[in-house]
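Remarks on the structure that follows.
Read from first to last, the chains carry the letters A, B and C; within each, the first residue is number 1.
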Amino acid sequence: MDAHSDLSIQRWTSLSLGVAIVVAVLFVLLAVGPAFLPRTILDKLTVLFIYVCLAAMWNALAGYGGMISAGQQAFFGLGGYLAIRLSEWGIWPYPALIAAAALAGLSALPISAIVLRLRAGEFAIGMWIIAECVRLLVNLDPVIQGDTGRSLIALSTFDAAERRIFTYWMALASMGIMLGIIFLLLRSRLGSSIQAIRDNEEAAASVGVRVLVAKRIIFMIAAVGCALAGALWLATFTSFQPRSFFGIQWSAYMIFMVLVGGIGRFEGPILGAIIFFLIETWFGTSGVWYLIMLGLTALLFSIFLPKGIWGYFEDRFHVSLLPVGYRVQTFVSGPDRRLGEPFN
Amino acid sequence: MSFLGAVIDGVLLGGYYAMIACGLSFMFGIMKIINLAHGSLAIVAAFMLWTIAERLGYNPFLALIVVLPAMGCLGWLLQRAVLERSARSGELVPILSTFGLAIVVENSLFEYFGADTRSLAPYVGSLSYDSFDIGAGLYVGELAVLTFAVAILLLGGLQLFLTYTPLGCAIRATAEDPDTVELVGVNSRFVNAVAAAIALVTVGLAGLFLGLRSSFDPYVGSMQLIFAFEAAVIGGTGSLWGTLGGGIVLGIAQTFAAHLHPQGFLLAGHGVFLLVLVGRLYFSGHYLRALLKLKLG
Amino acid sequence: MSLLSISALDIRHGLLRAVREVTFQVGQGETVALIGANGAGKTTLLRAIAGAHRASRGQIHLDGLDVTSMPAYQRVTMGIALVPEGRRLFAAMTVEENLQLARASGRQGDWTVDRVMDTFPMLKARRKARCGTLSGGEQQATAIGRALMTNPRVLLLDEVSLGLSPLAVDLVYKSVESLIASGATILLVEQDLKRSLKVANRVMCMLEGRIVIEGDAKTLTREQITDAYFGHHHKRSQAEKAS
């Protein structure tokens, strides 16, 4: 190595530090939102937070873990169903939501024992089948009344305004916590393991990465996140129908958000969720054409822009807003010259 | 219904499953891609046949003359325009592409044909409800027997094609080592496109028999994909005939369970699939990968 | 005119320049040996000539025709055949199937399965055997036979002695010599220096992607070759420059 140069590994750049501060401020503003935002905006934001959560979870699985799942609706629906079940047993609705998510996360353990050894397309369909199985089993519970569904009746003990605000806060908190978990995970040793697995599973195993353990952790986190989203969806729209909660369209939405936003990047799913939310707001009532457009967009992106908008943006301009990787900085003698690409 | 009757029905149902599964296995064995649009493309074929039968009055069997080549062209296009390109970005991307395609196909069919269920049965006389009396008070549906027979012919034909023709040889070689095959003068892109075309022709045939044995609507494709996948995985070990075995096991499980509970049909099918999966995982250890890889004999 | 002409070829593996500005010709009927240490770029060069690897710069001409941007299967049709490092046979297929497959190139010529059997008598008994069950020597013979079935004008041999017992290597080289005697044009990469010098007309030595010495196999001295092989002539000329 050249005697003049010095290598230092950095995790934060001034840009990302700035962004982190902006994000924190934004979070605080959103938290006090109910004080000054009209209720329609609050409702819309709640839905947006749920979408961000779903996108982030799917991205954690696919973009970081290399596991493409066509069956996350299993946990989404399970979250909704368990919230109803627990509520029927007398647990207060909001704690029931959290408990539902936790239980769903636990259920992911035996499920992971079955599906995690499947690779690529087999895993995708395998998860789809799991979702179908969960739906069929849930249908057997008489409280659900088959396809008619059931409402989270206990919510009516709160008045509409209170319910709106509590659900909003819970959605905001859930989104923040799940994003936070992913962020910390990626910066940890486990995060490097996960990405190594995604890039080359055999090579990762050969350097001692415990592949199955790492995948299982991501799988369970994603299960909890999706279940939380499902429970929150129930709290927002009050009624639960198996066909709608366990429908494949949830996977379609998640795939769209992550593919368009940027797979394998932290910021990607957030961007994707915002885009999806806007599209749904403008075109959601166009019925089937809306779905055709979603599918077509996902198809075109997968062929022409597989890294998504954020991925393209990041690659082109070498910018990374939130520091999930490492930057190698070499300072060559003379004026401060920074080389180096983010190591993720 | 008697035990034997249920078994026979299950076995014959397996014939249909083998037919819908063989295209999926074929494509996976050669191009290492699981086509998530597989089921919905079968429905496309079914709707094409229905349109020809309804608007032009031709018997669906006759309509195959037009529909099968059309499906072949669709397969070619699918490979060249979608699968080949998305596969360049990694083995996971084609899953996303075919998923997107499935969504587009299903909803486009809905847009054009609406939600009404259709069937091809009315256009083939009494084929779909006639049965043979095989004695001992048992009856087997003529259509079911025909389906099974066609499935055997299809699998046999494919196996012969792969084993004895130069193109079949080239396909097997490309499946095994797509890089080296170019070094002996085989155009692997061409070969993969042919394989995709063949796969979709089988899908077209399966679409016919689906439409004959039950009614269909734009959204039943997902279920067909799941059945095809389950049959392929249960049968698993290598040759196309394994897919037949898998289909039969699936068919029998479903038929029996259907007699016990209305939801039994689906649950039993998924249940058997999961059992086989778990069984393979924990009793075969590292042979799992090879078994699940659905390599061609 | 030379049959195979390489000019200023640059080949990259990602960011690494595996082959740098390589230029040489191979004449009709010539046998040229390419030697050099591991990682010198020999296999990459051979694969690029066959079309398995894209060159980033430079040209490849076969009998005057520019084949640089042709895909591999088309080059086979033009007459370039590579016997890849490690044989790369289709293990699940029989010897005969592997050989028959090569007729896909569509080139007319004298090579048939029977002629390959005659050239490599050890394969006669193994005609219907799956390639995965063959011994190293038999596999190598099949691999060379498979390339010959395309009726090539230029035959590229990559490390045919790799992993074979000395006896097997002897047998393989006996067949190679008979090919040479019948007028074939061969470019071979060979670790075994003695063998390569014995069969070749010309020798080229590669080091870190460049050809550092080229000459007649019979007239180049041992010393010249080993110097080039290990890069001593680099250091010597650097030392000369410094003094």
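In this section, contacts are C-beta pairs under 8 Å (C-beta built on N, C-alpha and C of every residue); 3 or more make two chains touch, one makes a residue touch a chain.
What you are looking at is a predicted structure, and each value in this text was computed from that prediction instead of being measured.
A.B. asks: Can you figure out the chain closest to the middle, judged by Cα centres?
C.D. replies: Smallest centre-to-centre distance to the global C-alpha mean: chain B.
A.B. asks: Would you kindly say which chain has the C-alpha centre located farthest from the C-alpha centre of chain A?
C.D. replies: Centre of mass proxy via C-alpha means gives C as farthest from chain A.
A.B. asks: Report the inter-centroid distance (CA atoms only) between chain A and chain C in whole Å.
C.D. replies: 52
A.B. asks: For chain A versus chain B, what separation do you get between their C-alpha means, in angstrom?
C.D. replies: Centres of chain A and chain B (C-alpha means) sit 33 Å apart.
A.B. asks: Please tell me the distance, in whole Å, between the geometric centres of chain B and chain C computed from their C-alpha atoms.
C.D. replies: Distance between chain centres, rounded to whole Å: 44 Å.
A.B. asks: Which residues of chain B touch chain A in the complex?
C.D. replies: Checking each residue of chain B against chain A gives 28, 33-34, 36, 82, 85-86, 89-97, 99-104, 107-108, 110-111, 222, 225-226, 229-230, 233, 263, 266-267, 270-271, 273-274, 277-278, 281, 288-289, 292.
A.B. asks: Once bound in the complex, which stretches of chain C touch chain B?
C.D. replies: Per the stated touch rule, the residues are 50-52, 71-73, 76-77, 81-82, 84, 88, 90-93, 97, 100-107, 146-147, 149-150.
A.B. asks: Along chain A, where are the residues that touch chain B in the complex?
C.D. replies: Against chain B, the touching part of chain A is residues 62, 66, 68, 70, 113-114, 117-122, 124-126, 128-129, 132-133, 136-137, 139-140, 248, 251-252, 255, 259, 288-289, 291-292, 294-300, 302-303, 306.
A.B. asks: Give every residue of chain B touching chain C within the complex, in rising order.
C.D. replies: Where chain B meets chain C, its residues are 166, 169-170, 172-173, 176-177, 179-188.
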